[in-house]
Structures are given as C-alpha cells and as structure tokens.
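Presented below are the structures under discussion, each in the form of structure tokens.
The same subunit A turns up in both complexes below, where it pairs with subunit B and then with subunit C.
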Partner chain A sequence: MVFGRIDRPIIFWEDGSSIIDESVTKLKRILEGKPETAFVTEQYMKNYTTIYDMCTQKPPENYSDQLYNKFRGIFEEYAKQTVLPSIMEKHDEYMLREFSQRWDINKIMVKWLSHFFFYLDRFYTARANLPNLNKAGMTCFRDHVYESIHFNAKQVIIALIHKEREDQQIDRALLKNVLDLFVQNGMESMDRYENDFEKFFLEETTSYYSRKASSWIQADTCPEYMIKAEESLKKEKERVTHYLHSDTEPKLIKGVQDVLLVSVAKDLLEMEDSGCSALLRDDKTDDLARMYRLYHAIPKGLEPVSEAFRLHVTSEGNTLIRQAEDKATNNNVVEQDVIRRIIDLHHKYMVYVTECFQNHTLFYKALKQAFEIFCNKKVAGISSAELLAMFCDNFFKKSLNDKSNDESTIESTIENVVKLLDYISDKDHFAEFYRKKLARRLLLDRNFNDEHERTILTKLKAQFGGQFTSKMEGMLTDMQLAKEHHSGFDTYIGNSGKPKGMDFTVTVLTTGFWPSYKTSDLNLPLEMVSCIESFKAYYETKTKHRKLMLIYSLGNCHLNGRFDSKPIELIVSTYQAAVLCAFNNTERLTYQELLEQLNLGHEDLARVLHSLSCSKYKILNKEPATKTISKTDSFEFNSKFTDKLRRIRVPLPPIDDRRRVVEDVDNDRRYAIDACLVRIMKSRKVFSHQQLVSECIEQLSRMFKPDIKVIKKRIEDLIGREFLERDTENPNTYKYVA
Partner chain B sequence: MRRSAASKKKSDSITTSTTDLFRSASSKATTKEMDRIDHLFNQYANISSNLIDPEGIEELCSNLEVSHTDIRILMLAWKMKAEKQGYFTQEEWRRGLKALRADTINKLKKALPELEKEVRRQSNFADFYAYAFRYCLTEEKQKSIDIETICQLLDIVMGSTFRAQVDYFVEYLKIQNDYKVINMDQWMGFYRFCNEISFPEMTEYNPELAWPLVLDSFVEWISEKEA
Partner chain C sequence: MRETVKLISMEGFEFIIDREAAMVSQTIRSMLTSPGGFSESKDGVVTFPDISTTILEKICQYFYWSLQYSRGKETEFHIEPELTLELMMAANYLHT
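Our next item is the complex of A and B:
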C-alpha cells in the first residue's frame, strides 16, 4: 500500500473505476425498474468518497480529467447501447412513451450521478472551462438520443394532434411531457422546440384549417361558418393550455385566424343571403356580435363589417324618407312621425353599436355617416331641419295637454332631438324655424311650459354653443319680464283713477331676440285706440329712449258676438277683431270699403275675410258665396250664426313663410361667411385659397355646411370691397388688406 | 414750359464752348421737337377744351391709317398714360410722342410697329392689359365694366393672340345670366387663364384653386358643350 495521505490509501484508476461501474450498473437497474435493492447510505458515501479522493489525489494519481470523461462516457454509452435502441424499436405512441420515459430516467440518472461526481463541479469543471455535470449529462442525451429521435417524434405528435382535432381522444399528458422534453433539450433557448416541432406544427395547422375553410365556405351559411371558426379558435387555445408551450399561442391563433377568417373574409362577409348585410337586415344580433368578436382581433378586419353596417343603416334611413315622401304625395300633408321614426331607428342601431359592436369607434363613425346622409334629405320639399322644428313644436304643444307624458319621456325626447340635430348640417335653418315656432307658442298659445322650453335650450346650448340659443333664451326672458309689466300696468291704471275700460295686456318684446314681423298700420277700432295710448303712457314712465312698435298681427282679442240665438264669445286675432268691429256701425261692407277703412294690405285682408266667411265658422256672410275672396265681394254680419259652444276660437292660419325663412337664413349665411373669412385673414395675414376655404368650412360647420361656390363668391366680393387682395407673385394666395 | 430752365441750369462759363453749343443745339432741337409735337396736338385738339376729344382721335386714326378700335391706339394711350377714355390731354400727348420720338404724323405712324413690339413684351403686356381695363372705367367710383364693353375690349386686346379663348369666353359671357359686369380681378383672371391653361383641353384647370368663379362656370360650360 502506498500512502498518499495520512488517512487513506491511494485509489488507483482501475479500482476506482470499477467501484463506480458497479454503482452505475446498480443505478441503471433501479431506474429501469428491475429488481434491485436501493442504495444505502454507506454505498452512497463510498461512491462519493472514491471520487473525492480520485479528484484530490496528487498527480499522477489525480484522475479529474479521466473522471469527467468517464462521466460523459457513461451517458454516451448508455444512450447508444440502451436508450436509443429501446426507443427506436417502438412506433407511434409507444415510441413517444418510451422516449418520454427514457428522458425522465435520464434526468434522474443525471441527478444521481452528479451527486456522485459532485466534487468535479466544485473546482474542476469551472477551472477547466467545461460544462458542468448536469449540462454534460443533458447534452449527452441531446446529442445521442434526442437528435436521432426528434424528427419521428414530431411526426407522431402531429399525427396525434390531428387525431384530436378530428375529435378523438389522445393522451394529453404524454404530449405535454414530450413537448416539455423538446423545450428542455434546447438548453437555455427555445430553438429546439421552435425548429424541431413548432414550425411543423404551425404549417400543419395552417393546411388543416385551410382545407376546413374551403369546405365550410362552400357548404355553410355565414353564421354557421362563424360558429365553427369560433369553436376552432377556442379549441386551439385550449390545446395550448393542455400541452403546447405558451409561446406558441399567439403564432397559432394568428395562423388559424389567417386561414379561417382573413383569407375568406370577402366570401364570408359578402355571402349571399347570410352575410353581413343579410344579418343586419334580419336583426341577427348574436351572429353580428360573433362576427365582431372574430374580426376584432384582425387588423383592418372590421372595416368591411362597419362598411356593411353603414350601408345598411343608410338604406334603412333612405327607406324611411321615401315612405314619408310617398305618404306626403298621397295625403298632401307631411307626416311628422317621420322624425319619431328616425329617432327610433337611431335608437335601434345605437344599441347595435354599444352591444354587438362593443362601442367600437369604427361603428360610431359608420352610424354617424349613415345618418348624416339621409338626415339631410328633404321630404316633399320640406327640409329635415324644418321637420325637426315642427316635431318639437307639436311635441311641446301636446305635452301641455297630455299629462301622461312624464318628465323622463320629455327629457329623453329632448335629448333625442339634440342628437338628431347633430346629424343635420343646416343647423341654422333649424334654429330659425324653431325660433319662429317658439314665438307663436309663446305669444299665441300663452300656455307654455317655461321649464320644458328652457330644458331644450340648455341642451342645445351645451351641444352647439351659446350663440345658437341666445336669441331664444332672450325670448323666454322677455315673457317673464312681460308678466311684470302686466301687473305694473294694471297698478298704473288703477292708480290713474281712469275707468279701466277694456281688459287689455301688452307684451313687450325685445327686437332682435324675436323673429322680425311685418306689421301694418292698422286702423284700430276706437275702443282699442285709447288702450294703446294708455299703455304707451305707462311705458314712458318705466323706460325712456325706447320706441314701441306695435305688432297687431300677433295680437289676440276676445269679442262678444251678439247673435240671434245666443251670444257667443269669439277668440280672434286683432286683425279679425278689427274687421268684425267694423260691422258694429254698418250692416254691410264691401271689400274695397274694408280695405280703406282698415288700412290693411290685400294679402292680409283676404286671409282675414276668408277665415271669417269661408271657413269653419261663418261669422260673416259673403256675397257671392264663393269659396275664395275676391276684390268685388261684399260682406254682411251673419246674425244667424250659432254654435253649440259658448266660446269659440276662430283661427287665422299663418302665412306660409317657409321660403322667407330659408331666404333669411341664406342671407345670414352670407354675412357669416364674410365675417368668418375676414376673421381668418385678419389673423393669418397671408393664406392660400384652399387653406382659407377649408378653414372657413371648418369654423362654420357647427351651424351649417357652406357651399364652396358661395365661399368663392364671397371671397371675390371681399376682394372687390378691398378687404383682401390677391398676392401679385402667387395668384392662389390672398393677403389681408388692413 | 420749364424745360428751358432745365437745360440751362448750371451753365458753367468755364465749360468749353463746344459743349455749350451742343447743349444749346440739342435743347433747341428738343424745343423744336416739342414745338412740333404741340403743333401736332393742336391739329387734333378741340380749341375750347384744349383736349383731343373723340372726334379728334378719329381723325388721328384715319391719318395714322388705323381703325379707332385698333389695339395700337390703345397701346398709344398706354404709352401716353392717358387717363380718360376718348381724350388725350396735352401733357399726355407730349409724354407719349416724346417717348416715341415722333413729332410728325409719319414718324408716329412709323413708330407704331415698334410700340406694339414693346407692349407685347411679356414684362409689359400684363401692365397693358390691366391698363386697358382701367381705361374703360368712365365714372368716378366705377369698379366694373358691363359685359358688352368687356367683350369688345377682349377682342381688341387679346383677340390676335388668344383668338379661341376670346371667342369662347365672349360667347359664354353673352349667354350667361349670373354676371352683368366684370371687375378687375375677373379681368386679370382671364389673362392668367389664357397664359397658363392649354386650350381647349384645359386639363390643368382646377376649380378648387383661386380662379374667379366666372371662369369656373366658363370652364364648366365648355365641358358641357363638348359632352
């Protein structure tokens, strides 16, 4: 015995080697499940110590190099002699199973032997710049087993996945293990998994679903296809959780989407009778929601869907307009429920946007564009702006009488009106029509709900700015102030000691807030003249420097008609009252006489006489008794007139001033365009033609859509008036002339 | 005339007599020239107003052997910087003829082709074109010219160089109803149009640019005609 150290004898290579071999054999048997006793601590210690000694002995008995090579050799030999053959003699699933099991065994073997050979890792492997034991062991497996097997393994795996896709059961746990094996054999990187498996898997997936897509698209309807597509995507996602690596998910999903959804998009969405348009037509909200879910993840995938949506809504809207147009030609009256129906349509498709299409901006935009198209169409020559104003007028009038309309209905109707107005480009037309009708409501109907009127103005102001509603708000304020004047006047009359005479009120309107009214220099009945004078006197005491202009065309009168059978109270306009009072002194008057006596214009007089002699209530008898008024007619008080009521309102239909409203607004627009152009040029100083035009349109878009030709004309006009000039160098540019 | 003072200013007694002689000779020549110019003026001018009036201009034209609607008369007016259509003041007459170095009718006649060349130079023509418009404004605050006059003016001023455009535009102006008068901006626009846009293709024309509206309508009318 040669003593290397004080304690222990030297272990020579052959001896040490055989001790190790013994343990390795034992280990192999254990791992292969053969009958073998387990390692006891002594054996374990012996192995460890043997190797420890062999590593720490002084050269030439330092066997670190040889031990390292032996370690590797053990694995290499095992792999070549045992492991690989055992795998290769099997097929399919059995082969996979063997592969998996051998891998597990290898892992344990590496662990155990690393423990035995541990001392090498303490100093040797690092110093010699060699892979550590674990790595060395794994690398052996990779090089001598994995490399030879992976191709076949991959084939089997893909075949199994295919089976599962065809709804057959497979051993998922096995696949998970094997794929894990692929991953781990990449050492630090994923490239083994990716190149040896994933790549092929994705290819196979693509061709699989490509075939499916082709057959489905031939045989299925769009909803059916979508359900299958959705189901497939769901299953593939599950597949990932079951046995694929999570990195594969995005690539997998994209691949499937590409074949199932992207490449067939046109055929699918445009499928006759079941595609996008058909689903919209048939209100198939579930299918549409599915379509959204499927195409949402695909870049630009939703564009064809939103386009179909836009076209559908536009056509629905156009149909509504056409129907209203047809009804109007038949009935000669434009139904105002077209507005109600547009509101309902808007509500219906807004639900689509929020629910089926998850509030996606593309669909908001599509809805907006659709509405902007048909909301700007005319119905029987009446613009939507006017129809909307008429709708509001009727709505407010009705809500006064119909108490069943609760506050929330009123609130929601008002909101719907504001929403609809947003789509109408001629907002200034709406404002003007609305203002005129508001004036009538306030002055002639008297009974108006101040709160409701203010609510809508508040909402309009919030949406379209203060300029939109300032005049109308002024009108409402005037009505409040008028009340104060009414009581003030009453007090004044009381204090003056004069007899009260007629019951009489004057409503003072601020010019500018209210629409402009034509007035005539009507010759009032005497009784009324003194009332006017006393009010003027009163008003003088309240304010100086204000001029009162009396608008008789808007006044109301209550007359007592002393007819033969019974007296009836007649509620008439001031003009009508003036005409009737003329008959207090004379039995019979001709048209000409009335014209001179009253100082009314022909148009007004004819209207008034018509309402009193040719309409529902014949207060006057006309000779000849034709249906229209002519300048040669004569009139007589009809004492025989009667009615079952004691008090009747004799309406005087208003003049149709639609054309005037449009003209007035168009004039205002010209001023607005001029002002806008000057404002822009003042700040820009120098500006090109296109820029000026587009900025002008932009600034005015809140109220109306200016015509480009009109803008050009205004620019030329401003050049003529020397507000602007063309740049001498560049005739396409304008300069501000200070 | 103060011109004599100008030529006599700072007559240095030390300067040689030859220059002196020369100066006085040239000034004499100038004086003579001016006299002849004035003499010519008086031949056509109205005695009481001391202006050449339309009658006088007609006579002048016949002596020059040009029609009174000939563009060369207009060019002459331009050269004179004449302000009022149909009238030449003495100052304007002197200005024009001196510039043309013409003091007889014959010299004036001979000067006309040269004048025309000068006016037709690119650098001058735009100015001349604008002048032609202003020349036709007869009232004080007048800013535009009636269609009929415009049509005549176009023919005179642009007829020889842009025959087709002028003919078409004149036809258009006569049948349309939107415009009763044409202003300076529109007038100049037409000049630009003739120079920049190929005719009758008009492919470069873009109504979205700052062309006057009347030209937009004109182009539209032509396209409709062709269709």
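Our next item is the complex of A and C:
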C-alpha cells in the first residue's frame, strides 16, 4: 500500500523523469521565443502531480534527492550548453544584451520550475538543509554563467561609460539592466556589484578625471575650471540616476571631487589673475558663489577660501586707513569720510558673506577678524573709537538740520555704527568720547532729537549691556527733567512777585551721569547773582538736601552790545559775558585787574580775552595789538566794532581734552581690572598666574583689551593691599585673602 | 472566464467555484497566476484525476468556509471522520 494515492501506480524514476524533461523542453522553447503552444492546466497538474507522487512515495521509490539534483541539473546543463555559448559568441554591446536577456529568461525559468517542483520546497529542502529551489536556480546561473562573463561584461560597460563621457550616445536602459543583474547576482549582498564592477568603475573614473584635471588646470582660468568641474559633477550625478546603483553615488562624487578639486586646490585657488584673491578683487560674485558651492562639500575645503577672503578684506581696510591718513595730513577733516567708507566696506563684504558664501560661519569669522585688525588702527593719531564718536556727533548734528534724512537712513546708520563698534576693542574709549560729545550736544545745541538719541542708546544697550549706556540715559533723563524745572521755575518766579531781572534758565544735571567739568569760582556780575539766588531758593522747595554747584564754563549768555554804529546782540559764554560786563563800569582794564576782579585762572582768562580781542570779532581793543595775550596787556572797549549781522556768536575755542579723556578712561580701567581680579579670586580661591590673567582678559574683553603689564601691576598692588597673597610653595599661584 | 474556475473530480464531476475561493489552495493559486503564456490560454479548468468527488466537494466547501472565517465569521467546520484521511492527503497535495 502506497502512502498517497491509494489507487495510484508507483511512478518510477525513468518515467517521471521523462515527463519532466518533456515539459522542460517545452518551457525552453517558449522562453526562447520559438513557436510553441502555451502550457495548459492539465500539463501543469501533470507535472506537479508527478513530482508530488515521486516525493511522497515510500523509499526506495522516494525520489526527493534525485529530483532536487535533477532540478539543479536542468539549470546547469542549460547554462553550460546553451546560455554560456550564446553569450560568449557575441561581443561588446551585443554581448551585454544577450547577457541581460539570458538573465531574464533564467529568472522566469526558475519561477516556473519551482512551481512544478514545489513540493520539494515544502519539506525536503528544509529538512536536508539545502537552499530552496529559487536560490538553487539562481546559484546555478551565477556559478555557470555570471562567473565566466562578468569580467568581460565589466570591460564593455566601462568602455560604454567612457563613450558617454565623451558625449556620445549609449543605451542607458541596457546598462541599467546589466548592472541590476550584477546586484541581483550578489544574492542579498552588494559584493558582486561592488567587487566586480564598482571598484573598477571608480578607478576608471578617477583616472579619467585626473587626466582631465591636469589638462584643464594648464589651460584654463580658475572660473573656467570651476565651471567645468561643476558640469562634471552634475553629469556624474545624472549618471547615477540613469543607471548606476544609488550606493555608488557618494563614493563616485567623493572620488571626482578629490581629483578635480582637492588635489588641485592649492593651484586652483592661488592661480595668478583668476584665483581666489583676484575674484575678490574684481567682485566676481558668481564665480565666488560657485567656488563656495564646490568646496562646501569637501571637509576643510573652505578654509583656504576664507583665508583669502580675510586677507583681501584686511588689505582693503588697510588701504582705506592709509588713504585717510594721507588725506588727513592735507586737511584736517577726517572722520566723516573714513567712517562712512568703513561702513560701506563692511556692508559690501557682508553681502558677500550672506550671498556668495551662504552665511557660512567660517566667513563671518574671517570678516570679523579682518575688521578687527584695521578697525583698531589709528588715523592721524586719532583712535578709531574717537573717530566713531565724532562721526556720530556730526551725524546727529547734521540730521537735525538736514530734514532730507528720513527715518530709515538714520535707523540704518545707527545700526551700522553699532556693528562697527563691535569690532573696536577699546569700547570704553568710545563710550567716554561719545558721552562727552553727547553732553555738548545736549547742553550747547539745545535742539537735539531726543528720539534719535534714545534709539542709538537702546541699540548700544542691547549689544553691550546696560552698564555701557546707563550714564548716557541718565543724561537724557536729566534734560527731560530740566524742562520741567524751567516751567516750574517760571511759575515760582511769577508767584513770588519778585522781579526776575533778566531772562534766565538753569539746567540741573546729576553729577554722576555727566562728564566732570572744571569749574571756577567766578565772580559774577551783580545782575546775575540775584538770579542764581532765586533759583537756589526755588530748588530748595523742590528737593531738600542737595547741593547745587554752578558750572560757569558751560553757560551761555546773550548780551546787547551798544556800539557806535548799531546795537548788536552778542551770544557769548558766561566767562566772556563776565569779562564784557566788567567793562560796563570802566572803559579800560588791565589784565591783572581783570584777573583779580573775576577771580579766574590764567589759562581761562587768556583764552577768553583772546576770543574777544584777537580773533574774528574784535570787541575789545588790546594794547599792544599782538596776537597773543600776555599778563601786561590792557584792554579797552571797542565802541567802533560793527558787523553786518545783528546778532553774532563769539566762539570760545574748546580745550583739547582728548588726552584727558584717554587718561580718565585708563584710570577707570585700572579700577575695572582690580574689581575683575578680586571677583575672580573670590570665586576661585586659588588660581595660577596664567589662568588668572587669561580669565581676566576674557571677562574684560567686552569693554576693552587690557594690557598684560597693567594687569600684572594691579596684581602686585592687590597683594600690597592684602587682597591676594602669593602661595609660599609655588610663587606662580595666588590665594584669595578674605 | 476570470470569475470562476471549474474543478473536475476523478469521476468527472465538475465543480464551478469562484476564483477567489479556489485561490485558497496554494497549488491552484500558483497555477492560475503563473506568468508567460499561461493565463491567456487558460480556460479555468483543472482536472484532479486523483481526487474523488466526495472529497472534492468537501474541499470546495472548505474553500468557502476559509474565506468566511478570514472575514470574521468564526464558525466551525465539521468533518466526517471517515473523510479525514483522504481529506488530509488532498489537502497536502493542494497545499491548503
């Protein structure tokens, strides 16, 4: 009794085998496109049943092993006898075509025969630990066909690719199929593809492009080379999408980049007349953008480019400074132009960074470094901090009169100033200069634009912290308060019924905020004294316990001068007014008399007298009529003085306090360094000299660049004042003394 | 004729069932979906000279039950004991 079909006869090997052979032949004919009728279900069932029976029969009629081997045998035989020869007899493209077709046929054949032999897969192959039918079929093809052919195939493929690189047409679909074949023959791993094809392909590619590179670099300029390089990369990427496997892309691109860009980088970028620096010089933004794109993908590729950029910007900046220096020696007006040109330069190169270089941090850094170098140079002895402050001063003064400056230009100029300030290391110098000029603007010019002033302060505060701007903000607030005081004082005078005397306003300043001004114990003319007293009384009513100190050097006075020809109104400073009023009583006074009467210092008096007698308007006659004031001079009221204007301003030349500003700031710096050192030591307790110095520099860098010698001195000083002490064992370390 | 197939038993009985039902059998399924010159000339007829009518009938019922079950209707499929052996062999053959 047979286990299986009860009434089935046993199928013996030869019979079963021949049935199968018949079907296989039929199948081959179909697949090779020869005329043949298609399979019918009956035949299918017959094959399937035959095999089924042969496998389920009891041994020794269980033919599972033989069937498996037969299956393999079918493929082997087919491969050796038919497939391989047909491929071998062709060449080049035809060979590839045949190869590809045979592969497709093989796939179908495997599928069909697997269906017939399916029963084997259900039990036999697993039990016997054999690869399943599908795999077995594929393996046969691989072993018998692929192995022999792949080398030649690869040669042909590479030759075709070479053709395409030389701009000839090739059959891309074919290449795609063949390369797919390579991949599939790897049976779930890419190593066939990689070892049998990709490796050689990449080699070919690199040698092809290195040949190209060397010929291009000889003949072309940098931009031309870059265009070609970009083209090549694009074409290779396309190649991948058309027929290469996507895994190849990164390797391919890297290979081409290495050859075209990395190995020639130095030669390319430094090319005479067309390399990086030349492009920057000639403002070739497109080419620079291309350079960025190409080198962006390469690690460290952008460094030489950013280096060139930095050098270029630095040299441009230095040229600017030099030009300004030259101009300065010719005429004295320097600052407007230079600062404006620096701002323009900055704007220009910032555009480069954002557009050509896609906001890359490397280029921001390069720009910053370049600017820091030349922004900290002096022009004609004036530091950039001071120049910037002067620029702001002039700008604000001008913007009051020049209504054509609309809000946005003012806004943008202010922003540019703040940006530029970022590059200057002595920011505290700027702060001091700006403060002094601000004071002058507020007090002397009267009509200042509060809004603009506040805008720039807000921006500075945002960038550099509240401490930077607190004093200046205080100054602005003082001016607001002063206005209130003016109206308050007027009401007070009105209410008290006392005659006011002359028209009189006082602006009260908070001492800490404003720069310190020299004052002197001037003896005022009587008329003025009573005004001062009444204001003091008024102020007492407003706030008690405050001392008012009068700064005469900043005061302004309008005097009516009754000259012979016509009365002229003179706008003078308080000192000048005091001197002139002295002549109300007498016609003539000597220097000494004036000195005693007014209680002024020599310097001040000389200055004042000079402005009244030796400059443009000779309101006083001097004897002797020399150009300088000496202690033996005597002065007389010049009744003959006249001018075509009815009202003239007699300027008092300001003292050059530039050096004083710098000195003051340097003093402040010492305190800042002290505070910083103590703060650091308090938290660290023990610290070495090197670390202390470097940390101190870092903390202070926001405001200024401290000098190392000065820091050393301050440390010594602090040791002397017993804030720090040296460690006994290690003299390089300091300890905090509580 | 794509909607139904005809299964013929050893005695010649013809069972016409839905294609979908027949596909429950892996064997029939692979036969019906083989590529290359098969589907077109196929007339949807499969002969089983080894399977008796009773068994084939039961098998067809099984196909439909299987479809129902997979759609969520979980009923029982009753098998007469005397059919079991042949039924199982047929199942093995048909890969069901």
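Here is the rule we use: the second predicted complex is superposed on the first by the 716 of 738 C-alpha atoms of A that agree within 3 Å, B and C clash if a C-alpha of one lies under 4 Å from a C-alpha of the other, contacts with A are read in each partner's own complex, and residues count from 1 in each chain.
One rule holds in what follows: a contact is a pair of C-beta atoms (placed from the backbone, for glycine too) under 8 Å apart; a residue touches a chain by one contact, two chains touch by 3 or more.
None of the values given here were measured: they were computed from a predicted structure.
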- Task: State whether A:Ile719 touches subunit B only (first), subunit C only (second), both chains, or neither.
- Result: first
- Note on the structure: The chain contacting more residues of subunit A, comparing subunit B with subunit C, is C
- Pick one for A:Val256: touches subunit B only (first), subunit C only (second), both, or neither. neither
- Would you sort A:Lys111 into first (subunit B), second (subunit C), both or neither based on which partner it touches? second
- Message: Output check: A:Thr49 vs subunit B and subunit C. Expected answer is one of first, second, both, neither. What do you get?
- Response: second
- Note on the structure: Given the complex, residues on subunit B that touch subunit A span 143-144, 183, 185-186, 189, 192, 208-210, 212-213, 216
- Mind pulling up the subunit C residues that touch subunit A in the complex? 27, 30-31, 34-38, 40-43, 45-48, 50, 89, 92-93, 95
- Task: Please name which positions on subunit A make contact with subunit C in the complex.
- Result: 4-5, 8, 30-31, 37-42, 44-45, 48-49, 52, 56, 108, 111-112, 115, 118, 122
- Message: Under the stated contact criterion, what part of subunit A meets subunit B in this complex?
- Response: 688-690, 693, 708-709, 712-713, 715-716, 719-720, 726, 731-734
